[in-house]
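Below is one structure; the comments refer to it alone.
Going by the order they are written in, the chains are A, B, C and D; count residues from 1 in each one.
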Amino acid sequence: MQLTISGLLYQTIQSLLLVLVAPLFLGWVNQCRAWFQNRSGPGLFQPYRNLLKLVNKDAVMAHGASGLFRTTPYVLFACMWLAAGIVPVLATDLPYAPAADVIALVGVFALARVFLALAAMDIGTAFGSLGARREMLVAFLAEPALLMVFFTASLISHSTSLTTIVETLAHREFVVYPSMAFAAVAFLLVFLAENARIPVDNPATHLELTMIHEAMILEYSARHLALIEWAVAIKLTAYTAIGIALFMPWGVIEAGHWEGLPTALGAFVAKLLAAGLGLALLETVSAKMRIFRAPEFLGTAFLLGVLGMLIRFLLES
Amino acid sequence: MEILFVLGIPLAGGLVLALYGHKDWAPELNAAFSLATFVAGAVLTARIISEGPMVALNEQLFVDSFNVFLVALTAFVGFTTALFSRPYMRVEQAHGRLNPARLRLYHSMYQLFSFTMLLALLTNNMGILWVAMEAATLTTVLLVSLYRTPASLEAAWKYFILCGVGIAQALFGTILLFFAAEKVLGAGGTALLWTHLNEVKGSLQPTVLSLSFVFLLVGYGTKVGLAPLHNWLPDAHAEGPTPISAVLSGLLLNVALYAVVRSKVLVDGALGPGLGGNLMMGFGLLSVVVAAFFLSRQKDIKRLFAYSSIEHMGIITFAFGMGGPVATFAALLHMTVHSLTKSAIFFAVGHAAQKAGTQAIDSIRGLIKLSPAIGWGLMLGCLAILGMPPFGVFASEFLIITTAMAKHPWATPFLLVSLGVAFAAIFGKVQPMVFGETTARRLPHPPALIPVFVHLALVLMLGLYIPPYLAEWYRQAARLIG
Amino acid sequence: MGIPVTSQMINILASLMLLIAFAMLSQRRIISLINLFAWQGAVLVASTLIVAGTTGQEHLFYSALITLVLKVILLPWILHRLIRRLNVKWDVETLINIPTTMLAGLLLVIVAFNLALPISEMASTVTRSTLGIAMACVLLSFLMMITRSKAVPQVIGFLSMENGLFFAATSATYGMPMVVELGIALDVLVGTLIFAIFFFQIRQTFDSLDLKHMEKLKE
Amino acid sequence: MSQAGPLPIGIILGVIVFWLGIALVGLAAQRRFRLVSQVLFPLGGAGALVLAGAAFAALGQAPASLVLPLGLPDLPFHLRLDALSAFFLVLLGGTSFAISIFSAGYFRQAEGTPPGLLCLQYHMFLASMAGVLLADDAYLFMVAWETMALSSYFLVTTNHRIPEIRWAGFLYLLIAHVGAIAILLCFGAMQGFQGDYTFAAMRQAHLSGFWASVTFLLALFGFGAKAGLLPVHVWLPEAHPAAPSPVSAMMSGVMLKTAVYGLLRVTFDLLDTQLWWWGVLALGLGLITALYGVMFAAVQADMKRLLAYSSVENIGIIVAGVGLAIVFRAYGMNTLSALAMTAALYHCLNHAFFKSLLFLATGHVLHATGERNLGKLGGLIHRMPWVAIIALVGTLAIASLPPLNGFVSEWLLLQAFLFSPDLPNPYLHMLIPSAAGALVLAAALAGYVMVKFYGVIFLGRPREDKLAQAHDAGNWEKAGLLWLAAGCLLLGIFPVYVIAQLDFVTVDLIGRALGDTAGKTGWLFLTPVAPERASYSPLLFLVVIAVGVGFTYWMVRMFYHGRLRRGDPWDCGYPAQTPRMQDTAEGFGQPIRQIFEPFFVIERELPTPFDGAPRYRMTTRDRLWHWVYLPVARLAERMTSLVAVLQQGRIHVYLMYSFGTLLLLLLFAR
C-alpha cells in the first residue's frame, strides 16, 4: 500500500465529494421523479434545505431513550462516510481502500443497519420494533445477494478488493461477462431494497403499515434526524457509486495518472445523473409491493447472484 | 493351609448360623465369618502372589492366578455384602417381612453359598466343580423364595428348574470330558483334574470335546445367564432379598463364567481356537443385544439391573470368546469391575427400595433429596456400570470394544447399538429415581454406605490406575487362558 | 464275531432305559410315572452292577448301592408320600398331545444316535454304544419336562434326566471318580428335598400345583 | 524432533491437578458458600489464567510429551503439548478465566445442588477439558472426554427438580455417550490393528482408504454429536438453556470446541491421508447445520435457547471451514488449506469469547429478573447499563460486524471460499461458491437474530413490572464480562497478530502457514494470501469510524444550538401505548417462520373474537425430531416389544429355548 500524495488527494476529494454531493443526488432523483410524474418538483437543493431546517430545530426525545438511541445517528453517519471512502469513484489509487474490501464494505452497511434497527427498538414503540424487524428481514436477504454480486466480480478479478476489481474491469480489454449481467440485475434489486426505494419501500410515505425505513426513524427529530437523512443520502450515493464502479467502470483513473482527473470527474457526474434518472424512472413505473412479497423479491436477487457465480464457472472459466 | 481356611470358615459359618442365625447378633456374626473368609482369602492371595500356583489336598484343590483373583474378589464382595445385609435385613425384619426362622435360614445359606462358590473356584476337579455349582443353586433357591410371596415362589421355581436342567447338561458335558480324558489319562482319579487335563489337552479327542463343550457351555451358560438361557435370572434377582441379588449378580455369574472359561481352555487345546471362541462370541453378542432391548421394558428396579448383568456377562463372554492377551485381560478386568459395581448398585438399590417401600421404578423418586449419599451412590454406580469413565468398567469396555473393532469389526455395530440402547434405558430410568421430588421415607436403621462407596472407589481407582501386581496377575491369568 | 455277554446285557439294559424313557414320555398317570421312574432306577442299578462286575472297579459297587438306595427306594418313596400328602388326584396333563410328543421323541433319538456315532466308534469300552442311548434318555427327559404342565411330573422328568446322566457316567465311562459321584448323589438328594419343600409352598400359595399359575413374571 | 523444555506442559498439568484439588476442597466444604464462591472460584480462575499463559508460551515450541504412571497397565497416560493442543488450551484458559471470575459472583445459595458440589463438578469439568486437549493416547482421551460429558451433565441438571431439565440432561448424556462410543470405535479402527492405542502409534499407522474413511466418518459422527452437528444437534438447545449460565457459557464456548479439536486431531494429525469427499461431506454438513441453527435461533422465544441454536450455527460454520481445509488439503493446496483452517480456528476462538460473553450476560439477566422468556423482558439497558453495553459488544461480534472479532473469521473463511475455483475437481468448482452463498446467508440471518436478541432484552420498554427491580452486575461479574468483551475487541482489531500465533498450528498440521503473507504488509493490514487479492484493517476501520463519529459530533456541536427536550414517544400519534405493543420474540421471528415454514413444526393457539381471556400461544419445533429421532425411538420400541415376546413367563417355553439351543449347538458343533 504505497502512500502517495496523489492517493491522499484522491481519497480526500472523493470522501468529501460523495458526502457533500449526496443530498444533491437525492434532490436530483426527487426532481426527476417529479418530472416523470408531471409535477414541478421541490428543486435540486431541497434536501440541503431540509437538513438545515432540521439542524436548527429543538430536538424532542422520548423518555425511554437510552444512550444507544442518541449515539446511533453519529455511528450511522460515520459508517456511511467510511463506505464513501472505500468506493473508487474517480481513481483506484485510494490509500484507505485496503482497510476494507467488498466484504468489509457489506459489513459496514450491516453495522449501520444493526445500529439503526437497535435504535428503533430502543424507544419501545410498536412501529419502531415493526420497522426494525422488517428492515432486518430485508437485510438478511439483501446482504447475501449483494455479496454474491461482489463475489461474481471478484472471481473475475481474483480479488475482493474493490479497487482491484474496478481496475481489472476498467482497464483490461473489453470482455462481455454474462455473469456480470446476472450480477447487475441482482445488484439492481438489492439496490432498491437496501435504499428503501419503491417497490420494496417508499421513502416518501408515512403510511404506517407499509413503511420500513421510516418506521425506524419515527422517533428521531432535529439534529439526529438530520444526520440520519444525510447518512441515507450518502448511502444512496455510495450504492450508486458501487453500481457504477462494478458495471460502468470506464473513466476511472489508474494509479499515477493525474491528468485524468477532469475526465474522470466528468464521467462520474454524467454516470451519476444517468443513474438518478434511471432510478426515478424505475420508481415511477413500478408499484410498491406488499411487505410479504419482499422476501421473494430479494430471494430472486440472491438466486440471480448465485446464478451469476455459477455461470462464471460454466461459461467463463 | 490357607486354602482350607478359605473353604472351612464359610462352611463352619453356615453350620453355626444354622443354629444361631435368628439371634439379634447374627448379622454381626455373619459379617464376622465373611470377614474371616476375606482375611483368609487375602492371605492366600498374598501367598500365591509370592509363591506361584499351588495344589492342595491330594491335588483336589488348586490355586493359580486365574482363580485366586476370583477367590479374593468373591471373599471381598461376600464380606461387603454381609456388611450391607446387616442393616438391610434388620429393616426387613422391622417391616415384618421376615420371621426368625427365615432369618436363620438366610444367614446359614448365605455362608454356605459363599462356601459353594469358593469350592467351585478352588477345586481342581471338574466333577467337584459341577457339584459345587449345583450346590450353589441349591443354597440360593430357598433364599430367592425367602419372602414366600407368589412372585418369589414363581421366581424360585423357575430358577431351580431352569438352572437344574441347565446344569444337568453340564454334567453330561463333564461325563463326555471324562470319557475323552480317561483314554489319555487312564481310568484313575486324575482324569477329571484340571491340571492334568490341561497338560494333555492337545491329545484329547476333538469330536468328543466339541460335543462336551457344547453341553458344558449350555449348562454353565445357563448359570451365567447367556441369552436365550437367561430367563431365570431377572426373576431370581428381582424377587430375592437384595443382598442375595448382589451376590448372585456380582459373584455367582462370575463363578459360572469361570467354569465356562476353564472348559474353553481345554476345548481350545484339543480343537485349536475356533469353535469355543466363536460360540462364546455368538452367545455373548446375543446376550448383549437381547438384554439391551429388554432393559427398556423393565418396571422393577432390580429386574432392570438383572438385565444389565446379563448384558455385561454377554460382554465378558464375548471378550473371552475373542481371546488373545488384550481381550482376555479386559474380560478379567471386566469381571472384577462388574462384580464390584453391580453389587454396589444393588446395595444402593436395596436401601432405595426400602426407603420408597417398593421396587417399582415409577414409585421411587428424588432419592437425592432425602438421602444424598444413597442417591449419589445409585447415580454414580449406574453411570459406572454404563461404562462411563473414569470408572473401571470403561477401562475394560475400552479394551474390548477397540479390540473388537480391530479383530471382528462386524460385531461392533451390534455393540454400538446395544450399548446405546442400554444407556438410554438404564439412565432414563435411574435419573428420575435419583433426581426430582422425593417419595422416600426415613428408615429405622441407618443405611450401610461404606460398602457402596468402597466399591465405587475401587472401581474408580481401577479406571485410572491398575496396581502393577494386579495387572501382572491379570496378565498371568490371561496367558493361562490364552 | 461274538460280542461279550456282559456287553450284550448292558445293551439290553440300555434299550430298556430307552423304552422306559419313552414310556414315561407317554404316561398319563402320575403314580405310574413314579413307578416307571423307580424301574428306571432299577435298570440303572443293574447296569452299574454289570459294569462293576466286568471291570472290577470297586467304587462302582458303591455307586450302584447309592443309586439303589436313592433312586429306587428313597426318591420314589418320597414322591409317593408327597402325592398322598398333597392329595394329588389328577392325571398328567400334557401341553402337546402324546402322539406328537412321541414323534418328536423318535426324532430326538435319531439325532442323539447320530451325534453319538462318531464317539461310539472310537470308544474302547465294552459299552461304547450306550452313550447314544444315554444321550437320548437325557433329551427325552428334557422333552418330558417341556411338555408337562404340572409341577410334579416336571420334577420327575428332571430326576429321570439325572438317571440318564448316571447311566452315561457308569455305562459309557465306567463311572466317575467316587468323590464326584458322592457329591452328585448329595446334590440330587438335597434337590429332591427342596423340591418337596417347594411343592408345599406352592400349594399353600397357589392352592394348586399347576404351573400355569406361575406365569406372572415376564419380560 | 527436539524435546522442548517440559516447563509449559508441567505447568498445565499442575493447573489440572490444582483444579482437581479445588474440586476436592469443594467436596469437603459442601455447604461453605462464602468459601466456595469468594475463594475457590477465583482461585480456579487464576489457575485458568496460568494455564492460558503456559499454553501460549508453548505455542511456538516443539511438542513436549509426558507419560504419567496412571491408566491401563500397557497404556499409561500419555500427555503431549503441541501447537494444536496449546491453541485450544489458550482458548480454554482465556475463556474459563472470565467464566470462573463471573461464577464467583453468580452462584447463589439454595439453588439445587449445594455450592461445594457445584464447585466440584465445575472444576472437574475444567480439568477434564484440559485433559482432553492434552491427551496423547486413546484411553486418556476417552477418560477425559467422558468425564467432561459427565461433569457437564451434572452441572446441567443442577436444578434437577424441573422435569424439562432432567429430560435435557438425559438427552445430552445419551447423545454424548453414543458419540463417545463412535469415537471409541474410531480409535479402534485407527490403531491399524496394531493393538497400540497411543496417538504416536496411530500417526505411524497407514490405513487403507476404506478404513481411513470409516475412521473419519466415525470421528465426524462422534465429535459431531458433541459439537452439535446436524442431525445430532438436538441435545444442544435443550441442555444449554437448562444449565446455569456460567455452565452454558463453558459448554458453548469451550466444550463444543473440544469436539472441533478432536475432529482436527483425528483428521489432520492422526490420519495420514485426507480424501476430498470427506471435506465435501463436512462442508455440506457444516453449512446445513449453520443455516438450520440460525433459522431456529430466529424463532426462539427463550433467550438461552436462542443462544444455543446460535452455537449450532457457529459450529456449523467452523466445521464448514474444517471441511474446506480438508478439500484443499486433499488436493495438495496446502496454503489454501491453511487459510481455511486458520479461519476455522479463529472462529473457534471468537465464538468462545462472544458466546461465553452473551451466555454470561443472559445469566445475569436471568438472575436479576428471574425471566428467560424474551417476551417478558425489555428495557434492561436502563437497569443494567454495564451488562447492556458489554452485551452490545458481544452482540455486534456474533452478528459478525466489523471491526469486531466475529467478522474477521468469517472474512477469512469467505476468502478461502473464493479460492475454490482453483480446485482441479470440476464439480467442486460450482458446489463451493453456492456453499459460500449459504455461509453468507447464515451470517446475515445471524444479524437478524442478534438484533432480535439484544433489542428485545435490553431495549424498548420493560414488558413486566417486576423488571424495575432488576439490578446491574456485581464486581466479580463485571470483571468476567469485561475480560470477554476486551477479548472480542482485541481479537477483532489485531488479526495479524492472532494469525501469527495460529500459524504454529497450521504449520504443525498442514506444513504451511499464512505467516509469510498474512502480515506481509505490516501489522496493520491483514492480507491472507496477497495484498492485491484482499486486505482488511480492522484497526484502521475502527479508527476511521471513531474519528467519523467524533468529527460529526463536533460539527453538530458547532452548528447546532437547539435544546434537547424529553417527551412521550411519537409513534405516529397513536394514543394509549403500552409496552405490550412492542414486538415480542415470536413477532420478531414471524417473517422467518413464514419464509422457512417447511422446516418447522408450528403449533398455534389463536384466540377467537369471543374469548373473554384471549390467549395466544405458539410453539415451533424441530422437524428433524420427527424425521430422525422419533422413528429411531419407535424402531427401538418395536424391537423391544419384539424381544419381549421371548419372555412371556412360561417355564415350558424357557425350557424349550434351552432345549433348542442345545440341539442347535450340537448339530452345529459336530
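Operating definition for what follows: contacts are C-beta pairs under 8 Å (C-beta built on N, C-alpha and C of every residue); 3 or more make two chains touch, one makes a residue touch a chain.
Computed from a predicted structure; not experimentally measured.
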Higher-contact pair (C-beta pairs counted), B-D versus A-D: A-D
Per-chain CA centroid nearest to the all-protein CA mean: D
Interchain centroid distance [CA atoms averaged], chain B/chain D, Å: 43
Euclidean distance of C-alpha centroids - chain A vs chain C, Å: 100
Chain centre separation in whole Å, for chain B relative to chain A (CA means): 77
Intercentroid distance (Cα basis), chain D paired with chain A, Å: 35
Two or more partner chains touched - positions in chain D: 644, 647, 651, 655, 658, 662, 666, 670
Residue numbers of chain C (touch at least two other chains): 115, 118, 142, 145, 154, 211, 214-217, 219
Multi-partner residues of chain A (each touching 2 or more other chains): none
Overall pattern in which the protein chains touch one another (line/ring/star/complete/other): other
In contact (per the touch rule at the top): chain pairs: A-D, B-C, B-D, C-D
Touching residues on chain B, where the partner in the complex is chain C: 60, 125, 127-128, 130-132, 134-135, 138, 141-142, 145, 148-151, 153-158, 160-161, 164-165, 168-169, 171-172, 174-176, 178-179, 182-183, 187, 189, 191-192, 205, 207-208, 211, 234-235, 238-239, 294, 297-298
Chain D contact footprint on chain A (complex, rising order): 1, 55-64, 66-68, 71, 74-75, 77-79, 81-82, 85, 96, 98-101, 103-104, 107-108, 110-111, 113-114, 117-118, 121-130, 132-134, 136-137, 139-141, 143-144, 147-148, 151, 154-155, 158-161, 164, 206, 208, 218-219, 222-223, 227, 292, 295, 302, 305-306, 309-310, 313-314, 317
Parts of chain D lying in touch with chain A, wherever the complex brings them together: 378-379, 381-382, 385, 388, 392, 396, 399-402, 407, 411, 414-415, 418, 421, 429-430, 433-434, 436-437, 440-441, 443-445, 447-448, 450-452, 454-456, 459-461, 521, 525, 527, 531-537, 540-541, 544-549, 551-553, 556, 559-572, 574, 577, 579, 581-583, 587-588, 590-592, 594-595
Sites on chain C touched by chain B in the complex: 57, 115, 118-119, 122-124, 131, 135, 138, 142, 145, 151, 154, 158, 161-162, 165, 168-169, 172-174, 176-180, 183-184, 186-187, 190-191, 194-195, 197-198, 201-202, 205-206, 211, 213-217, 219
For the chain D and chain C complex, residues of the former touching the latter: 644, 647-652, 655-656, 658-659, 662-663, 666-667, 670
